[in-house]
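Some structures are shown below for you to check.
Next, two complexes with subunit A in common: one pairs it with subunit B, the other with subunit C.
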Partner chain A sequence: MISSKQARRRARQLFRLCHVKGFVDETRVRRVVLHVLNAGYRECPAILAHFLRLVRLDRHQHTARIESATPLPADLQASTEASLKGIYGLGLTTAFVERPSLLGGMRIQVGNDVYDGSVLARLAALQNNF
Partner chain B sequence: MIAFLLLAAEGEGQVAQIARTFGVDWPHLGAQIISFGIVCAVLYKFAYRSILAMLEERRQQIAQGIANAAKIKAELDRTEAQRVEVLEQAHDQATAFIEEARAAAARVLEEETRKAMLVAEQISIRARETAAQDHERMLGELKQEVGRMVVQATTAVTGRILTPEDHRRLAEETARQVAVAAAVSA
Partner chain C sequence: MPDLLQELEAQIEGIKTLAERQNVGVIREIGDGVARVEGLSDAMLNEMLDLGHGITGLALNLEETEVGVIILGDYTMLQEGDEVRTTGKLLQVPVGMGLLGRVVNTLGEPLDGKGPVKSNIAYPVEKLAPGIIRRQSVNQPVQTGIMAIDAMIPIGRGQRELIIGDRATGKTTICIDTIISQARLNKAAEAAGDRSWRSLYCIYVAIGQKQSTVARVIATLEEAGAMPYTIVLASPASDSATNQYLAPFAGAAMGEWFMDNGMDALIVYDDLSKHAVAYRQVSLVLKRPSGREAYPGDVFYLHSRLLERAARVGEKYGNGSVTALPIIETQAGDVSAYIPTNVISITDGQIYLESDLFFQGVRPAISVGLSVSRVGSAAQMKAMKQVAGQLKGDLAQFRELAAFAQFGSELDAKTQAQIDRGKRIMEVFKQPQYDPIPVEVQVAVLWAVQNGYVDQVPVERVKEFQAKLTDFLNTRKRELLEKIGRQQTLSDDLKAGLKSAVEEFAQTWKTTPAR
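Then we have the complex of A and B:
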């Protein structure tokens, strides 16, 4: 039986093995998971839980959620995606979402970073100023 | 008495005439004079002297009584003077006590007045602060309410007002912001 600290350490080691050129390789992630499951260790659930948490965090950090009130034109989508990859690297995954409650403008969230130029955010700022 | 007898013998004529006229009996008169003298001597020895002694005693008692009365009067005067002095002292002390009590009462009154004024001032300050806080709170609530209503109204009409060009312009603003960040990070 290993401790939670040891499980976290082994999960980090496995997570490092999944990196290729600084990005997490999805194929390697699958292989690691299968390997751990086939090994049948008693501590597998704890290690896999920490490992999946690290993968989830990495995906969250490398996923850009781009929300807009109306569908964005293709040229604007391309320029925005290029700008984001310029900041966060080529491994960034983008997801364009239509969200009418924004009223207008665009809201981008990458990990903990948020670029909010939506009308909803401006109205919220206006309301906070009162 | 001898002289009287001699005078009587010399002037027997006229005296005898007068004695006969008034019925004087010389032996009888002599005996009465002698017995009167004896009575006087006895009275003097046994009555008059004791009466005099008694009178002297009475006189001394009266004098002593007068002296005692004078002494009592003097004592009374002295006592009266002491009484007056004690009364004056008591009056002075009472006056001093009253003055002291008045001064103490004035001090207490002044102190209580000062405390009451202080408390009143604190209450006034607290009331002003509370009123200011209430005013600020109500103003804030009013601002928030106005803001909420403005935002609500704006939200209701914005979706209908914005044209596709407006949507694109707004999205481009955010895209430019991201592009600037990309340029800075590069």
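Then we have the complex of A and C:
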């Protein structure tokens, strides 16, 4: 029986093995999971749970979620995507999402970074100011 | 109306329209005033975090994928999945003269219902202590007004003097007396228009105390007229462990403002045992590894970095000071427990209060043998040094001889005289609470004791003799006392004046019948 700390450490080691040129390689991720499952260790679920979390966090770091109140025109989508790739590198995947509650403007989230230029955020800032 | 419109316009203009980059995270786990937040890759240690709903958090644990946050507010409004933002600011509290006379919480918010705190300056709660170059040695006294302390365990401005003892031995009372004494001295100097007087402002930090105890302290200070020179920072037992952990640091920040502006401040941390317990609670919930008595490994650093902020800075840096009076509560007199030994080793001396002495009626119950002030004697008034130089030794000898005399053996005249003198000194040092004695009166009384004028007074009437002598000096020999206060040293002239005054009093005393 290994402790949660050891499981975390092993998951981190496996996660590092999945990196190719600084990016997580999906094929390697699949192979690692298969290997761990086939090994049939008792601690597999704990290791895989931590491993899954690390993969999820990495994917989150390399995903740009672009929210707008109405669908964005294709040219704006392309220019936004290009700008973001210029900042965060080519490994970025983008997802355009419609969110009417923003009222207007755009909210972009890449990993932990948020650029909020929506009307909703400005109204919230106004509310905080008074 | 135009004013209102202008104000609104200014506020609207102040809102930035550019979308700035913000660093965010998501609450993964929350409970016991602590949240674990996933994300926040740019968070700094001790950075204030915006948890939404007007609640602020403090980043305490920076880990690979998440941040351990302590919540400063009602955490029940928060839930898993809520967004958390960095603010780029370290935790700050308001500081300045506007806080004097106020009762505030850890964040500097008023608790006294007297409206908002008038302060436009804020200091970070965690700040590096002044370095070696900025400091100078302690050379000015803190007149506590407690004769036993001012005579034998003198405290200097910029010193850290621990007050340690069991529960209900008068630890807080010593601090309150000191605060009252400072207020009286400040008031007297203001009334006399003495510009050379350096006012000493006091900050009383209540950590984990009962609300009723804090209320009693405030009432005492108000009654004594000490509140205008005092800030009370209360983090009572009902406050979260987080707030209790931060309270002394907030108090230190308030004191540092006085020091940075060339003034003197005195901070009472009441008490650091409860502070260590609060920090242990926060650390355990943050899943930090625990050590001895389940305290985290950095509990020594917690107190050392807090107490190192007490300092006296050099003339070049404003000549201000922060004096710290930390309190530690021991269990059954055990000073060798973890936290007491830590704080004893950090501070520049300790005043040890004994339960036995307290119950024998020796109040303040200061154990002279175990109490020490490592730097204060350099700051002691010269006149006091002249009269109190031998006292500690005399008392130590008395205790030894008194223990020996218990066996009922025959004593020679010299030994008997030493015991008799010791008993009278012990009586003189007894003092009621909240009644500090001015230093010039202390000097006069101790001079009378040292010169044998009390030797003929029966032990049970020593306090009466002292009270009447004080009355006599205050009413009939006011100029003499003022001269001692001004000259700060006992010249031959002053000694002659004291001799004639005490002899004159002794004449009247002989004729006064016992009560």
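By definition in this document, the second predicted complex is superposed on the first by the 130 of 130 C-alpha atoms of A that agree within 3 Å, B and C clash if a C-alpha of one lies under 4 Å from a C-alpha of the other, contacts with A are read in each partner's own complex, and residues count from 1 in each chain.
Simple rule for what comes next: contacts are C-beta pairs under 8 Å (C-beta built on N, C-alpha and C of every residue); 3 or more make two chains touch, one makes a residue touch a chain.
All of these numbers come straight from a predicted model, not from anything done at the bench.
Peer 1: Counting only touches as set out at the top, which of subunit B and subunit C does A:70 meet: first, second, both, neither?
Peer 2: Only subunit B; A:70 stays clear of subunit C.
Peer 1: Is A:47 touching anything from subunit B or subunit C once the two structures are fitted on A? First, second, both or neither.
Peer 2: Neither partner.
Peer 1: Of the partners subunit B and subunit C, which touch A:100 in the superposed model: first, second, both, neither?
Peer 2: Touch status of A:100: first partner only.
Peer 1: Pick one for A:84: touches subunit B only (first), subunit C only (second), both, or neither.
Peer 2: first
Peer 1: Quick one: is A:117 in contact with subunit B, with subunit C, with both, or with neither? Answer first, second, both or neither.
Peer 2: both
Peer 1: Looking at A:126, would you say it contacts subunit B, subunit C, both, or neither? Reply first, second, both or neither.
Peer 2: Both partners, subunit B and subunit C.
Peer 1: First (subunit B), second (subunit C), both or neither: which does A:14 touch?
Peer 2: neither
Peer 1: Spot which of subunit B and subunit C makes contact with more residues of subunit A, would you?
Peer 2: B
Peer 1: Just to be sure I read the superposition right, which of the two partners does A:109 touch: subunit B = first, subunit C = second, or both, or neither?
Peer 2: second
Peer 1: Touching subunit B in one complex and subunit C in the other: list those residues of subunit A.
Peer 2: 105-106, 115-117, 126, 129-130
Peer 1: Using the touch rule from the top, collect the residues of subunit A that touch subunit C in their complex.
Peer 2: Those in contact with subunit C are residues 12, 53-54, 57, 105-106, 109, 111-117, 121-122, 125-126, 129-130.
Peer 1: Taking the complex as given, what residues does subunit A use to touch subunit B?
Peer 2: Those in contact with subunit B are residues 68-70, 72-73, 76, 79-80, 83-84, 86-87, 100, 103-108, 115-120, 123-124, 126-130.
Peer 1: Note which residues of subunit B are touching subunit A in the complex, please.
Peer 2: Subunit B residues touching subunit A: 143-144, 146-148, 150-151, 154-155, 158-159, 162, 164, 166-168, 170-175, 177-179, 181-183, 185-186.
Peer 1: Contact residues on subunit C for subunit A in the complex?
Peer 2: These residues of subunit C touch subunit A: 11-12, 14-25, 38-42, 64-65, 85.
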